[in-house]
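For reference, the structures are reproduced in the following blocks.
The same subunit A turns up in both complexes below, where it pairs with subunit B and then with subunit C.
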Partner chain A sequence: MPDQARSIVLAPPRGIGRSLLLTLPIALFTLLLFTPVLRQPGLPAKLAALIAWGFMLTLFFLMMRTRETYRWRRIFFITLAFMFPIGFIWDLIALRSSMSIPIEKMISGDTPFCFMVIPILLIPAALTKTLIFPGSILPTPSNPHSIAMMVALWLLATVVLGKAWCSYGCFFGGLDEGFSSVAKKARLRKINPQWRLVPWAILVAVVLLSAATYEPIYCMWLCPFKAVTEFPAVRSVQTGLQFGIFIALFLGLVVVLPYLTKRRTQCAFFCPFGAFQSIFSRTSIFDIRIDKEKCAAGCVLCQNHCPTLSIDKDSIQAGKTLSTCTRCGACVDVCRKDAAVWHIKGTPVGLSPERARLLYLYAAWVFASMFGGSIIANALQKLIGLLV
Partner chain B sequence: MAIPNSFSFELFGAKKRNMYVLSRRRDRCERGVAERVNGVSSVAEALALGFGSGPVCLASCGPVLLPWLGAEPRELRATGRLLALFLGGRLAGYLAFAVVAWAVGAAIPVDPRTRTLVFGLANFGFAALFGISAFLPRRHCPLLPGEGTPRLYQIGSADRFRPPAALTLGFLTGLNLCPPFLAAGVRAAATRSLSGALLFFAVFFVGTAVWFLPSLAISPLRRFSVVPTVARMTMGALAIYYAYLGIVCAASWRLAPIRAGGLFIFITGMVSHA
Partner chain C sequence: MKRLPAILGYGAAVLTIAAAVVGPLFWFGVFTRAAATTALRIDPIYSGGEPARTLARDGYQIVVYKPVPKRSPLSPSGAFVQIVWTPASKLPSAISEPLDLDGNGRPDCVVSFQVPRDPKAKLQVTVEPLTALVLPMHQVSDDSFSSLIARVNDTVVVRVPLR
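Now for the complex of A and B:
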């Protein structure tokens, strides 16, 4: 799907000088972000920061030069998702000698906080002023992944980018995007659109059950990414069952189904955080509009190429994507008629869409470099440390 | 106190009798007032306890009630009737549990095996009801020639009432003890009579029921066509969860030793849970 998108882009590439000029603001800003890492002692840290900085700048330059978004963003996103477990597992093993988290560590609040838990926390916090996650609010030496830090980052990204968090911030989504890119053709093509409602059902179920039981039900039972991060130590039938569910969900939703469908199945058909983030889809000023007058008769390229099934015939008629749209840019890149365009709310549709894209990319890439870039640098540092 | 002389003894005796009668009257009066005050304070306490612990009650019953209300295609008034039936069933469950518990000589049954059995049956009940609602296909008209989607026709009243399901769900949530109910149970055990305990529970229930009123807000959400589908999917997920809980309870019931340190295990378990 993305390969096809690449081949049918009609817009001419931008000049190298102009592309460099457009990359300059990002270069200066991200230099500020990477400076603390560059100042860290030791060659691996400096080298990792330089490579990560260069990687982010190169991708942004290519976005400017080729006028494509999806292809280069996908490279960043997949790299982030494959690098995150490396750095995370490395830290876990350094701290605990194991990927499993024993109950004693949970009781002492040493469970690293993940943004997936945010919707689960809200109702118990509102009703009973209780945080039902065994983590720490502020960073500690034994648990640097604190609740306050992650919530602050999520708030920042949500206000500016809205649902685009799922394309630039989530450090898991790139895994199923990566596996969805492996096959050349989809083997499962017909997908009932009702499956798009499953994340909402999972969200409602886990939020209600977590409020009833005072336990983060999603993390305990349903998170596929526990298979590649951390999981409760298997010490009983229940924890064994949990571990089995994590593995089965990971293989099914993140590996096999994306490969068969060439869609981000975990994100589109399961992730409750994605559904929660869709609520904030309107907070961002950036969106994608479809001018149905420009659409060629019978053309549903954008619908066919959307990795999260966020475009259907009704939404094309309405001239916009569904609230589940992650602003990945696949539909814009694939459209031959320039009917799908980037748009800033409050401005006329189709008025300098490239300018809207640039503004969006500046916001998204600053966040991606700050959050994802540091994760990539961290993992690279560990890998380089092995060699040097 | 000075010793009275013989002259005044009779007078003193009369006075003493009168004083005794007066004292008895005053005691009775004070006792009556005290009982009334106790009764009023007990009612107020039950109401305050119910109102104070209402959010936890709502959180406990939310997984059962909210998807159910979301899946039922109803107007606000009909949703209100469903909610009332659910709450009525819940009250019946509470009172039934209280009566049975009282009959065995305690405010709460202390035998963990019996308790596990009741919890397990309640969880299987939830799983069965939710599973039926979520997974059983609904009848609809077949595709018409040339139509992309089936046209659905409602035959009969759109607001057809199905009270048994709401009552059953409410009754099962009443049996499925939650921490606030246990707090009320412990307090009600201190009352002298069964009627007093039942009154305490009933008033406590009224206090908690206030918190359920916001769930009526689901009714306007139904104007989004996806809400009933999402609610049914949620019930499907919850059916699996409750079936799992039921299996765990059944396994515990099969394995649990009869009356093994019942009271101690029960109290410590509930305190740690709360």
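Now for the complex of A and C:
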């Protein structure tokens, strides 16, 4: 019997023993990963590492057992996005008693670097060999989140995940995914697909404007996630306006619109880094294909369930998802005909989609555990420290 | 021949997993060391640029940086010179000092500020121009990257705006 991807409706669960066996490599890797944290002194660190380790293992086991990807990945991704601000804000409050970053911290290079800035840095770096960000290139005791470390992380993620960074690596995307999961039905159904072009327009605009002004324009004016991380200290009309924009964008794009549309609106219709990452969509060896022979004409379940509008009728006809596809697995899990399938480039479509899914998930989950798992453990440690 | 692309595909998939597993062990160290050897620097708008000369005073030093020109016509930050008093803990309670910013031997401005003992107290600086090179500052705190006074660790940083 060919090993094929099964939809949640048709696929029987995999046996517990086989699922455990498939989880074993991840269990061993993550044990290695969490061992240094487990050795840290103090109960909160040990407990947090144990919970994070168990959490990542349980989700992977459930992916193996149920053959579903989207539901369990989403739990991880939302948890990551809600835990990241907890750990981040906690560290900020401990360090400087505030979420705002004063100018003296900027000029001393103590601003933590965020991957969102990477495309903005490219033109000034190429032209003047300078990085237009008030951080530090190398890690320092007061700023371990240096530019070099974050760029290295992004490069590794791009090799391993490609555009799937937006489903397994980004510590912000889970916020709008979380709010998009709240309502049972979408209140706003009709979305003009032209909105998908907006992130590209924002990407071009912020890259050019940043190069022209020598300021990271996106961070200073447009990042919705400044509302839940850090922002320039409000000491003037300009910084007050910036703060207001961050709050408005966060509420609009990350809370209200995802709730109304059940789509990841910030990721799909705004995020310039998501657009930038789409450039690397085709470099990943893993992708999702639509088997045209199996696809029932007019079904469009996959199109309706895609959180980022990365499938349309043309792409179904072409048997591919669009370059904005984040490999979240929603289309594969929802397809009742097993037509949307995981795929490894070079192999025939639909031959061994479950094998392709397994290989993809090993790569993605190793990265997710290394990066997201440690963020979750860090936040948990802070929360447990409150209780014990 | 149909099998070759499939073999290459599976090979690349396995290599991707290997990159995910092995990458974190050495990649960050290798990349960080490589980054340290490049000519890339933080833009002087944020870092203040490079030190030009150090003036020794009784118990403290003044480091005068090279002038940072306006980075582009659209940049909101103008030209400035960064001056650093270090260590802040050894500074007298008030500073008022004529300083040569361009290294021509003649003072360009007088920089004056109080140094409160409380390291969290707000600082304010006044700059009186002595030449056309310098723009005045009156009781300025931290208006912009090109016009500010700030306590950074155990130093006091002043950025004097230039024409």
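Quick notes on this one:
The rule we apply is simple: the second predicted complex is superposed on the first by the 380 of 388 C-alpha atoms of A that agree within 3 Å, B and C clash if a C-alpha of one lies under 4 Å from a C-alpha of the other, contacts with A are read in each partner's own complex, and residues count from 1 in each chain.
Operating definition for what follows: a contact is a pair of C-beta atoms (placed from the backbone, for glycine too) under 8 Å apart; a residue touches a chain by one contact, two chains touch by 3 or more.
Computed from a predicted structure; not experimentally measured.
Judged by the touch definition given at the top, the superposed model places A:20 against neither subunit B nor subunit C. Look at A:200: by the touch rule set out above, it reaches subunit B but stays clear of subunit C. Of the two partner chains placed around the shared chain by superposition, subunit C is the only one that A:108 touches, whereas subunit B remains out of contact. When both complexes are overlaid on chain A, the residue A:152 reaches subunit C alone and has no touch with subunit B. In the overlay built on the shared chain, the residue A:133 is in contact with subunit C alone; subunit B does not reach it.
Applying the stated contact rule after C-alpha superposition, one finds that A:208 touches subunit B and leaves subunit C untouched. Looking at the superposition, the partner that touches the larger set of subunit A residues, subunit B or subunit C, turns out to be C. Of the two partner chains, neither subunit B nor subunit C is touched by A:247.
Of the two partner chains placed by the overlay, neither subunit B nor subunit C lies in contact with A:122. In the overlay built on the shared chain, the residue A:99 is in contact with neither subunit B nor subunit C. Subunit A residues 124, 128, 212 lie at the interface with subunit B in one structure and with subunit C in the other. In the complex of the two chains, the subunit A residues touching subunit B come out as 123-124, 127-128, 194, 197-198, 200-202, 204-205, 208-209, 211-212, 238.
Within the complex, the subunit B residues that touch subunit A are 55-56, 58-63, 66-67, 226, 229-231, 233-234, 236-238, 241, 248. On the side of subunit A, the complex with subunit C involves touching residues 29, 102-104, 106-109, 124-125, 128-139, 146-149, 151-153, 155-156, 159-160, 212-215, 235-236, 284-286, 344-348, 356, 359-360, 362-364, 366-367, 370.
On subunit C, the positions that touch subunit A within their shared complex are 2, 5-10, 12-14, 16-17, 19-21, 23-24, 27-28, 31-32, 35-36, 39-48, 71-72, 74-77, 141-143, 145, 148, 150-153, 157.
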